[in-house]
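Comments concern the structure below.
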Amino acid sequence: MERAIDQVRSQQPLVQCLTNTVVQGLTANVLAAISASPAMCDTPAESADFAKISSGVLINTGTPNTEQYAGMRAAAKSAEANGTPWVLDPVAAGVLPERSKFLRKLLKYHPTCIRGNASEIMALAELGQGGKGVDATQGVQEAIPAARALLERGVKVVAISGERDLIISKKRVTWLASGDPLLQTVVGTGCSLGAMTAAYLGARKKVSAHNAVVAAHAHVGAAAQVAAAESAGPGSFAVAWLDALYNLTPTQVLAAVEVKEG
Amino acid sequence: MERAIDQVRSQQPLVQCLTNTVVQGLTANVLAAISASPAMCDTPAESADFAKISSGVLINTGTPNTEQYAGMRAAAKSAEANGTPWVLDPVAAGVLPERSKFLRKLLKYHPTCIRGNASEIMALAELGQGGKGVDATQGVQEAIPAARALLERGVKVVAISGERDLIISKKRVTWLASGDPLLQTVVGTGCSLGAMTAAYLGARKKVSAHNAVVAAHAHVGAAAQVAAAESAGPGSFAVAWLDALYNLTPTQVLAAVEVKEG
Amino acid sequence: MERAIDQVRSQQPLVQCLTNTVVQGLTANVLAAISASPAMCDTPAESADFAKISSGVLINTGTPNTEQYAGMRAAAKSAEANGTPWVLDPVAAGVLPERSKFLRKLLKYHPTCIRGNASEIMALAELGQGGKGVDATQGVQEAIPAARALLERGVKVVAISGERDLIISKKRVTWLASGDPLLQTVVGTGCSLGAMTAAYLGARKKVSAHNAVVAAHAHVGAAAQVAAAESAGPGSFAVAWLDALYNLTPTQVLAAVEVKEG
């Protein structure tokens, strides 16, 4: 895991983000804070070309419009064709019929990793009803069968965010205890984790995809713990979290979190 | 007013925001800071469905494009049909002909509350010429006839932001002295107040719509006063304001502001 | 240069920004922090009218979609026709074919100033291949012939951002040493500099366009130096930078930077 963190910093992976406009600013700043190079390129005309030259791609369906939907299809197809790892963050899967339909179609381009909350993972696998707006109404444990169903369909790693995060691939199940409740009070921390996951998958060398995803989650969670200790509310927490993402050494990240293979 | 603040925190209303891309991030974070659940859903395909399941809807015309205009029409129509309270923030009414025309059409869906500066309220009621870009060029007092004209057309509450805020409904006129000049140096504080107003209207039980709107304004203003006391400029003010929105108790809000029935 | 800074604060120029959604929030807040009045108006229907009433216009091609491309064309054409100074920030010129083509077409409306990194300036002049995503891969010095070629085509001032910034017009070459490496860790500081340049060009009276552009760059750089001294990472730097943009006096800006006519 320490190696994965070092690799992101040394390789500065170019990460294409097709994400919602609400969190574009924070996502880009999170990527810059970990030394990745963010590019919020999402138009139909440019998305496929950009997915080819990027180290990793994030597709997050927070606020798609017609044009962005087309861009997402083009990027996913191109990422798969060109061997660029890509992360799907299925925001609000199961809440709105059109979005659920679109998300299920994206699965045919085999995302390297799907990251979401339990409700989103279950809805995506058609094993649940979705949450309240963008918030989960189910627990992480309940989403394990849905995660396994998605792995069967060719996804390499599924990460389910919750009180403890679950990272699951065909042969491994990892539980990660990290983070702080203040993470939920800042909009876009989860979406930024999706982008960081794409950065980690894009930079990895001699690190498994599973471990790269665990490392991205640990980095986010450890930084939240440091930030929470010195902040007075969501405003100061967001500031301190960016600082900690930038400053934490791999050793500090590892020391802060609890990882349990299950 | 204290009850209204408590209700937002306990009910965590889902607030759909069709707002401009400049302030989406701040608006979402403001809603999260007061324990509401933000959803920036604004596409034509999804807006009507989302307005049905939301507790409150904000329509803010800061930077609309063709697709968002269609989403706004759909959301306003659905909000009215489904009894979801909705707030209209008529940004730049009177400045640009197309936007003014669009805004006047939205009035037929009877916004629960209209919140804007004096120039916007006057332009919307076709009793004035609009401001400079997004800034007001008229005083609050001058906009009272325009506010009354909008109430006659079925709007429940009109809130006019200025040095003192005016909240006006058919039977009541409330002046609110609160806030700090630094609020004007952070872009999106007014737009966020619109979203908070939708949250307050969505969460209220045994609280009048008028009082819910006053409470939203008082919460914003009191937090600004706390934040101004500990900040060195617009950057640190924005951070401290979010912290104060999160931390202030209803009693602290009430103690900080001056409310005068007029 | 001191006069230029004073003029922005006293005149509060209305600056229309057609810029990428990632940095709209920061850009608007930077403009507000220096007392300019930001307006992120970029639709085809409204852009031309708005460019007419604005003091300055910024066109930044960070994340354009089809509709925004049309808005940019309309704004550039209207700005030239109405004598409104406008700044072109050719983000990712040379990286993507469609964008490069679009950018070269915009040149026929004679931007008052072009601001970019060396790779972008070279690609725009068709004297280079573009950078990595949005980052430069060439040095400032190498881009001087490209800058001169753009001046020949009617651009008044070209500003090339780098370790030292270069501001070049037909008769003058100015090197500016200012800023801090932390500026690169916050996404949108360069884009915001483009908007500030438009504000400075819009507010200038008895100040040359060249000096207005130098002053905008000096203001950004000096504020970065102040902010870096009191911050722990990119999060706290961004906050302190906004505070310093707001607080620094013209004399303090001038004292902090090194200007060399070359």
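In order of appearance the chains are A, B and C, and numbering begins at 1 in each one.
Definition applied: a contact is a pair of C-beta atoms (placed from the backbone, for glycine too) under 8 Å apart; a residue touches a chain by one contact, two chains touch by 3 or more.
What you see is a predicted model, and the numbers here were worked out from it, not measured in a lab.
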Indicate whether more than half of the residue numbers at the chain B-chain C interface occur in both copies; give same if so and different if not.
different
Fit chain A to chain B (C-alpha, same chain sequence): the rotation, rounded to steps of 5 degrees, is 120
Taking each chain's centre as its mean C-alpha position, how far apart are chain B and chain C in Å?
32
Two or more other chains are touched by the chain B residues 21, 24-25, 238-239
Please output the residues of chain A touching chain B within their complex, sorted ascending.
20-26, 62-66, 92, 95-99, 132-135, 184-188, 231-236, 238-239
Parts of chain B lying in touch with chain A, wherever the complex brings them together
14, 21, 24-25, 28-29, 31-33, 37-43, 45-46, 49-50, 53-54, 67-68, 238-247
